[in-house]
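I have a structure I would like to understand better, so I am pasting it below and will then ask my questions one at a time.
Chain IDs A, B, C and D follow the sequence of writing; residue 1 opens each chain.
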Amino acid sequence: MTPDLHLWLIPVLPLVGAVINGLFGKKFSQQTIAGLALLFSGAAFAVVLSVAFRFSALATPHTETLATWIRAGSFQADFAFYLDHLSLVMLLVVTGVGFLIHIYSVGYMGEEGGFYRFFAYLNLFMFFMLTLVLASNYLLMFIGWEGVGLASYLLIGFWFTKDTAAAAGKKAFIVNRIGDFGFLIALFLLIKHFGSLNFEQVAQRVSPLNPETGGAGLLTAIGLLLMVGAAGKSAQIPLYVWLPDAMEGPTPVSALIHAATMVTAGVYMVSRSHLIFERAPTALTVVAIVGTLTALFAATIGVTQTDIKKVLAYSTVSQLGYMFIACGVGAFSAAIFHLMTHAFFKGLLFLAAGSVIHAVSGEQDMRQMGGLRTKIPWTFWTMTVGTFAIAGIPPFAGFFSKDEILWRAYQASWVYWAIGLFTALLTSFYMFRLWFLTFFGVYRGAAEASDEDAAPHGHGHGGIHESPMVMVIPLVVLAVLSVTGGWIGVPASLGGSNRFGKFLGPTFESTTPGLKAGPGAASQVAPPGKESEQPEPQTGGASEVALTGISVSAALIGFGLAWLLYYRNPRLPQQIASRLGGFYRAVVNKYYVDELYAALFVKPLIAGSALILWHGIDQDVIDATLDNSAHGANEVSDSIRHMQSGNLRSYAGWVAAGAALVIVYMVWVGTR
Amino acid sequence: MLHLILFLVFGAVCVAGAVNLLVQRHPINGALSLVVVMGSLAVEYLLLGAEFVAAVQVIVYAGAIMVLFVFVIMLLNAGEEERTRGSKVAMLFGVPGMLVGSILIGWVLIERGSGAAVPAGALPGAPKVIGWLLFHDFLLPFEVTSILVLIAIMGAVVLASHPDTDQGRKEG
Amino acid sequence: MVPISYYLILSGILFACGVTGFLIKRNIISIFMSIELMLNGVNLSFVAFAAQWHALSGQVFVFFVMVVAAAEAAVGLAIIISVYRTRETLNVDQVDLLKL
Amino acid sequence: MNISTFIIVSVIKTALALFVLLTAVAYTVWLERKVVGHMQNRWGPTRVGPFGLLQPMADGVKFLFKEDLTPPHVYKPLYIAAPMIAVVFALTSIAVVPVGNWITIGGLPIPLEITDLNIGLLIILGVTSLGVYGVALAGWSSNSKYSLLGGLRASAQMISYEISLGLSLVGVLILAGSLSLRDIVDAQGGTFWGFIPRWNIFYGGQFIAFFIYLMSAYAETNRIPFDLPEAETELVAGYHTEYSAMKFAMFFMAEYANMITVAAVASLLFLGGWHGPVFGPPILQAILPVFWFVLRIFGFLFVYIWVRGTLPRFRYDQLMAFGWKFLLPLAIANLVITALVVAIRS
């Protein structure tokens, strides 16, 4: 076994930071708080790096058991950490991006109240996320799973005095509950049928099973339930509704939790249990379909949004949809690849957006911006990089990952590919729309005029200004990553060798060769020999290149449209909108999904609980019981309280009488 | 024979003292009759061979506790007690209950009581033996009672000390 | 030779007198003395049983009873004194504020 | 011996003891007046008989024939009972005091005491502790503030000092390992280092205990410097202010009888009882121990009187503080040390 890696340090360090800041932060100065938070998150990052450098020398997967947590009969769950290629990648992403965003937050939250609260929550989130990633069994994973939910709730509702923020926090939490419910049931099924939640043991017991080609089965059920959980956490249809609202939180939070790390937990979980999915084609199909629909759906909404963060939120949802497409076609490494790149450029985009908002004093409506290109050059350029990356323009990171996903989707079924492609077009369109609206044209905002505008962020110093260095540096770093991040996964067809895919190979190669057909089986059109994780150049290299060209052109078309509509003649959008009419309104209103849910679930639930639980059970049963018993006791004691006359001799009389009774009883018993 | 006579005589004295305690209205007479009861009880102990208990009975009960009572009676200058009728319960339930209980017990003692007789000094409770028991078998209870006494002393001092001046505390 | 039951009956009588005193006495000090009387009756039965079963522990118990009685007397009399200070009376029928 | 002879012997001894004791009481009074007189450059009683030796008789006669007046408003039964209680307990306590070894009269071995209990010392303590009732009741029943104050003082003081008195004796008891006065005296027989008599005051390291006992005894018997209960200057005559004639005489007798008892106990427990050089014909050998014993008692009484003639009176709170805060801790310390020594030695 490998010498002690001290994996436990990785989650515990942020926890320490969280505890210190959370308990004593009130007293500290901002420098102290920021210093502590950075120190501990940075330390975690450092540990991860050291692990990463020694990784090649390690015997993986490497398990580090700290303590036995639950032992019930044959079932056992430990506090154990599990390190393999997948979790290493996740660790790097989480700690790296997390650390950068910590730095960014120091500048961004500078003028906010509850500075210590923010960083305590942030570190807490890091702790739970790392636990989630490092867990060696589903149960510990679930702890982290719930924990990040909690942290996101706390951070979304960070400005808890704002009703919308509080409501958004609650919404996120509740919607996640639904997903967690599915996840939990899946865990129960696992315990029931495999008697363990440990990844390795589950793997051992699953691998011998054959894929359930013939419709549904146990694994399918588990897979679907896991997917429900993933959908909840990763904002997939039908549970995506919380994510856009989550933008009520501070922008760094949106960047870290709701773009880079937490929302990808679902993807991670699905890939982590790929063995189960590979053996449940139906579930895989569902995953793929859900992903596809979500991608398209969110993208269309994103086109019409005007709030800069909302746009990014919907693009996040749609990108997550991409990842699920990848999972659904069995291209888990591709999913993780996209996850990583997405973490980079989406984190970058959010931070940049935050910097923009910072610059225009809290304004979030793109229609109030424009022409910022010259005023905030750093932000502009980094944002540009991010936009190109997400739009999938080579050689930026997004291009490679998205391209690989599309390619694998095409292998699975041209339907996925087509929709994905259209989504890519939409993506580049609305991203460039955002880009143009924000940075080009003339400034349409009011921040210049009035120096004191109490925007929700309340950056009192009016005037458009570039963000401080502490915010810019993370932007630059992430920008660099967004450019270069993709290069580790250059597909063979483009003269690269998909190193990333190879790296993740050991984790994702199916334990029994015969099961390579998993993804193929997912879609009945599996062409033979396309199942291995890395796309082989000799087969379909040409077609892959062709597809790449098509996707790139799609991105360019999107760019062109955006240029046409929002730079060349900005009148056009209105006319188109009016032309589209009802459909446009529906899209603007996010297809009325929230209203639909409210009508379908929320209102009936509230009404029902008010009627049955509140009035029926709580008032008429529980309260009534208590009240009546208390009332009865009151009356009884009121009648017999006169026994307590306060007269000593009366008490003595009672005692003597009682003693006499006892004596009589004893004598009666004794002489019987 | 002598034994029985002594028992009867001092038993009679005992009962007389006890009854006197009941009928006397002045607490000091009650106290004195109680002292008589205790003294004659000491003799009963002697008859039972518990000479050490007898001596301690005289020293502690008659010599210390009752002196304390007399002292308090003198201090508060307690007069005749007035027969207020404060409690009907005591008369309605207490006294009958007491009568029933004692009659029953007496009946049991007479009917079912073992006729076992004790010769005079049957069980010499010599101080040595008692001390041995007290400091070996009953060491823990002994220490606990010592703590109890300590607490009692402090409580008495605090209670009886004048609330306004600190004089009482100094006295203790 | 005196049968044990005689001693027991004597102690019973004493105890009964004590109870009666507690019931009929008004003066708090007299009530207190009735308690002492009860304790003495119990002591007598202790010693008598010790003689019957040839177990000295009975006599040892008497000592504990005495210690407790002494402590009780000390504290109780202190309480009586403070009660007298505040209420100017020793009649329990007039010290009955502790009620609903 | 059979029961009848036992009764006869007991009765004889009781009568003898009572006679001796009362005489001793009377002549202790005479002795006190003489000694104090000489200390104060007076003669003391000289008229009645040689050296006023018949003075006690005169006093007795006077007490007997004086008018016995009972003030109004006294609580009569107790007013009458109090002096009797006092004197009875004072005289009773002498019953268990051995004045010498066994002697044989007509082949009948007789212990020189009324009865020999193996808890004699406890009996003495108990009886003396009962003596306080006389004083207290007298003070209370005579329904006068001087008497009441005197009675209160007396009872409080006696209770307080009884503790240190008893504790001072425990050391001796540990050394002797018995409660029987006879055994305690026997334990003090012989000498050590060849010449020093093996008395507890010298040998057992009970020197401190002896002085604790001395002071406590003074307090117990309400003698100067602890005679607060009858402090003439403050409370006319303390608890017996309202008494006159024979009742008063009873208190007087009780006080001196107590003094003698205390002195006897002191000599038994600390001064080696009746041990001393015994020689001469058998009759002399029978008498000598008693003589030595009486001699010790006499010496002790002389110290009593000497102190009275010398020391002033304490203040009452000083008295209490002295008893509780000095004597009691000292006695406890002495007890602990003795116990340790004995435990180590054995």
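One rule holds for everything that comes next: a contact is a pair of C-beta atoms (placed from the backbone, for glycine too) under 8 Å apart; a residue touches a chain by one contact, two chains touch by 3 or more.
Values in this document were obtained by computation on a predicted structure and should not be read as measured data.
Asker: Which chain has the mean of its C-alpha atoms lying nearest to the mean of all protein C-alpha atoms shown?
Answerer: Of all chains shown, the one whose C-alpha centre lies nearest the global C-alpha mean is C.
Asker: Quick one: report the Å distance separating subunit B from subunit D, using the average Cα coordinate of each chain.
Answerer: Roughly 28 Å separates the two chain centres.
Asker: In whole angstrom, what separates the CA-based centres of subunit A and subunit D?
Answerer: Taking the average C-alpha coordinate of subunit A and of subunit D, the gap between them is 99 Å.
Asker: How many angstrom lie between the centres of subunit B and subunit C, each centre taken as the mean Cα position?
Answerer: Distance between chain centres, rounded to whole Å: 6 Å.
Asker: Between subunit A and subunit B, what's the gap in Å when you average each chain's C-alpha atoms?
Answerer: Roughly 81 Å separates the two chain centres.
Asker: Multi-chain contacts in subunit A: which residues touch at least two other chains?
Answerer: 645, 647, 649, 652-653, 656 - these are the residues of subunit A that touch more than one other chain.
Asker: Where in subunit D do residues touch two or more of the other chains?
Answerer: If we look for residues of subunit D contacting two or more partner chains, we find none.
Asker: In subunit C, what residues contact two or more other chains?
Answerer: Answer for subunit C, listing residues that touch two or more other chains: 19, 23-26, 92-93, 96.
Asker: Indicate which of the five shapes (line, ring, star, complete, other) describes how the chains touch one another.
Answerer: other
Asker: Applying the document's contact rule, which stretches of subunit A touch subunit B when the two form their complex?
Answerer: 645, 647, 649-650, 652-661, 663-664, 667, 670-671
Asker: Going by the contact rule set out above, which residues of subunit C touch subunit A in the complex?
Answerer: 19, 22-26, 28, 31, 92-93, 95-100
Asker: Note which residues of subunit B are touching subunit D in the complex, please.
Answerer: Subunit B reaches subunit D through residues 2, 28, 32, 35, 39, 51-52, 55-56, 58-59, 62-64, 67-68, 70-71, 73-75, 77, 126-127, 171.
Asker: Give the list of subunit B residues in touch with subunit A in this complex.
Answerer: 86-98, 100-101, 104-105, 108, 112
Asker: Quick one: which bits of subunit B touch subunit C in the complex? Just the residue numbers, please.
Answerer: 3-4, 7, 11, 14-15, 18-19, 21-22, 27, 30-31, 34, 37-38, 41, 44-45, 47-50, 52-53, 56-57, 60-61, 64-66, 68-69, 72-73, 75-76, 78, 81-87, 90-91, 94-95, 98, 101-102, 105-106, 109-110, 113-119, 122-123, 125, 129-130, 133-134, 137-138, 141, 145, 148-149, 151-153, 155-160, 163
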